[in-house]
Amino acid sequence: MDSFWIDPFSFIGSQLAAWLTGLGLAENWVSLILQLVGALALGTAVLMLTFLLIWAERKIVARIQDRLGPNRVGPYGIFQTVADLLKLVTKELITPEGADLLPYNLAPLLAVMSVVGLWAVIPMAPTLLGADIHVGVLYIVSVGSIGTLGILLAGLSSNNKYALLGAFRTVALMISYAVPMALALLVPVLLAGSMSMQEIVLAQKGLPFLLLAPVAALIFFVSSIAEVGRAPFDLLEAESEIVAGFHIEYSGLKFGMFFVAEFLHAFTISALTAVLFMGGWRGPWAEQYTALGFLYFLVKTSLVYFVVIWIRGSFPRIRIDQMNALNWKLITPVALAGLVVTAVAEKVALELGAPRLLTHLAGNALLIFAAAAGLGAYARAARRRSELLAKASKAEAPAG
Amino acid sequence: MTILQIIFLLTAFLTLLAALRVVTSPSMVHAALWLILALAGVAVVFILLNATFLAVVQVAVYIDAIAIMIIIVVMLTRGAVRGQGHTVSKTWWAAALSALVMLTGLLVMLLQAPVRGALPPTLPLDQEAFLERLGQALVDVNQYILPFEVASVLLVAAMVGAIIVAWPLFVRRGEEER
Amino acid sequence: MLEPWIFIALLLGVGMLLPGVAIAANWLLSPKKPNAIKQSTYECGIETVGETYVQLKGAYYIYALIFVVFDIEAVFLFPWAVAYDKLQLYMVLEAVLFIVILAAGLAYAWRKGVLEWV
Amino acid sequence: MIPLSWFLIFAALLFCVGLYGALARRNAIAILMAIELMLNAVNINLVAFWRYLGPEAVSGQAFALVVFAVAASEAAVGLALMISIYRRRHTVAVEEIDMMKW
């Protein structure tokens, strides 16, 4: 059996290493060059993937809306994005008057860098992982938020009021939704007993965390969609309603880079959901045949990404006060409670020897029930308030 | 000179440069942006010290949270010192002098320290296990349980205090403007 | 020991470099005909009034504040979550107390009406 | 291998830059930023001593974590005070904030 078909990634790596050592390079330099090649390959692959993502998204949203979508350039319009890129490349780069040049030019690069950087710790196959660091999950929290910084820089340096206001609104909501995201990320760490992404995948043997902590998975998924600013949370840069927000003064590929970062980030959160809650590359025979593991990873990620697009195609855009209330009054308290429930349920299951899955499911069911009851009470209070207001205005109307 | 030393010197140089810009830049927005660079440099220094957990925490807490909070407050108090002349006080030379005296004192102390030339001992346990021990120590009654719980009380106190100090005035000011 | 971090540094560098190259290509290929109107601040054709750094509302500070507090909380809890398997029951309950204290802070902010978007 | 003294000198320099900023700047927010620099210098010292003198003990990192929490609280309350003072007096220049001077 050829080892290439069992583990293509290690095979290519060891072939390359052998070749470089054959050239007479020292071991340090060989490993450095291998890492550089790996980083270049990963970065390029991830950025090239964006072409496919944009095409897939346009095609799927078109089908949801009973349209055809791009269908002129290439088979099924698959080269439409390339044509769009060629158009963007030949556009003039307009720098607004009074812009702060260094931050202005740095902002799109930072936005892309933060998303590409996330891929360093995502395990794509048993042997295909950029950097197996023991603080992987916290790395995701911190590097993912550097994109916020890019947006802030863009808004501050564009010398434009709309850009400034758009940037601060985006940043306010992004940092709000980062709170439940970090809290939801604590749950897989707790269940796996490790912050390393590979360890978390390994810990999901037979029982993905989606079953153990469905509430945390949902919270992570929703809050990361909000963090990316996808529909239905795209009100801050709703291109059909308001001026573009923080990237109003960007043109050409500088604008394109924000666009790329957004699409790639949407795919990245799908990959993270797949890895943290759905077992990543886990599947039958994945450990023997690495390529198969990579395939499972891709299938799971694409599935989650399809749901992201589906949500975009189906849900109406929500208002900013609704988005704010949703985060602080529903998602964050539920995330806090969910963390407590998981922590207690796991200990109870361990100490009392209760079945693990059942204890967790019971805890989560209790949590969902409590959240639903709270929501009902909140909705009733809101309705009573609006009825009172309506009554008051009706009573006032004849007098005035 | 090993590669690590070169990386350290570069990082230290950039960090100090950024720190100098923080304390001299006339524009508060620029000072805050330079502060972010300085904080990132400190994160790299943490990585060089093998404290990878703290390096990531440095990015998560300082760059993503505190620096953004500072930028927001800079924008909230914009134009505060604008049009009032200098960004440094009249006694800046006294400040520079005391900083220099401080530096000299610290360096003299350093020269007498017995550990100054110490080289790092090999890390005895892997970082994963160390992190586990840190987590245990934080909630162990015999170790750091008090700082751990006090930290939460401190954070809540800071949050409540900051809301009390900053919030009622927003409302009152909003009414004034109407 | 530091090898994964070298990879991360390289990947972050690549993440900056590739967009940089793309933008440089754009700069080479694009027409360059600046004029005063094109460079002016874009407000849908209306002349901009006053200075750019407008006064923001104070609510942004409150969101940043709550974010900072909960970020630190998460940072304290991550080592605890990693060590979870080795903890006794009372240690887990201490962390629950930690979470409850912070939740009380959130409840206070909610009661004060700070969380409303105005 | 980097000797310990390099880190200590770096931390001392960073601390003194922060000290200069804290003493010389007029804008109170700039002073807060300088204080953050000083706290960072302290953290570098804590972590450097942890690495070189006691890498088996958790105290160095635990102390640094507490410093993070304290720095965040300090920044939060300090910035809230700045906002409040700016609302009342339209300035955050320290020599003009003299309500408690006499």
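Letters A, B, C and D name the chains as they come in the text, with residue numbers starting at 1 for each one.
Here, a residue touches a chain if its C-beta (ideal position, glycine included) is under 8 Å from a C-beta of that chain, and two chains touch if they have at least 3 such contacts.
Computed from a predicted structure; not experimentally measured.
Common neighbours of chain B and chain D, by the contact definition above: C. Chain centroids computed from C-alpha atoms place C closest to the centre of all protein C-alpha atoms shown. Looking at which of A-B and B-C shares more C-beta pairs in contact, the answer is the pair B-C.
Comparing mean CA positions across the assembly, the chain most remote from chain C is D. Chain centres here are Cα averages; for chain A and chain B they lie 28 Å apart.
Annotation: 17 Å between the Cα-based centres of chain B and chain C. If you average the CA atoms of chain A and of chain C, the two centres end up 14 Å from each other. Averaging Cα coordinates per chain places chain C and chain D 21 Å apart. Multi-chain contact residues of chain B (touching two or more other chains): 4, 48, 50, 52-53, 57, 60-61, 64-66, 68-69, 72-73, 75-76, 123, 128, 131-134, 138, 151, 155, 158-159, 162-163, 166, 169-170. Counting partner chains per residue, chain D has residues 65, 68-69, 72, 75-76, 79-80, 83 touching two or more of them.
Along chain C, residues 5, 53, 56, 58-61, 64-69, 71-72, 74-76, 78, 81-84, 87, 92, 95, 102, 109 each make contact with two or more other chains.
Chains touching one another form the pairs A-B, A-C, B-C, B-D, C-D.
Interface of chain A with chain B (complex): residues 100, 103, 133-135, 138-139, 141-143, 145-146, 148-149, 152-153, 156, 164, 168, 171, 175, 178, 193-196. Per the touch definition, chain B reaches chain A in the complex via residues 29-30, 33, 36, 52-53, 56-57, 59-60, 63-65, 67-68, 71-72, 75, 126-128, 131-132.
Contact residues of chain C toward chain D in the complex are 58, 61, 65, 68-69, 71-72, 75-76.
Remark: chain D residues 1-10, 12-21, 23-27, 29-30, 32-34, 36-37, 40, 43-44, 47-48, 50-53, 55-56, 58, 61-62, 64-66, 68-77, 79-84, 86-88, 90-95 touch chain B in the complex.
Every residue of chain A that touches chain C in the complex is listed here, in rising order: 31-32, 35-36, 38-40, 42-44, 47, 88-98, 105, 108-110, 112-117, 119-121, 130-133, 137-139, 141, 159-162, 164-165, 168, 171-172, 175-176, 178-179, 182-183, 185-186, 189-190, 193-195, 243, 248-249, 252-254, 256-257, 260, 320-321, 324-325, 328-329, 332-333, 336, 339-340, 343-344, 346-347, 351.
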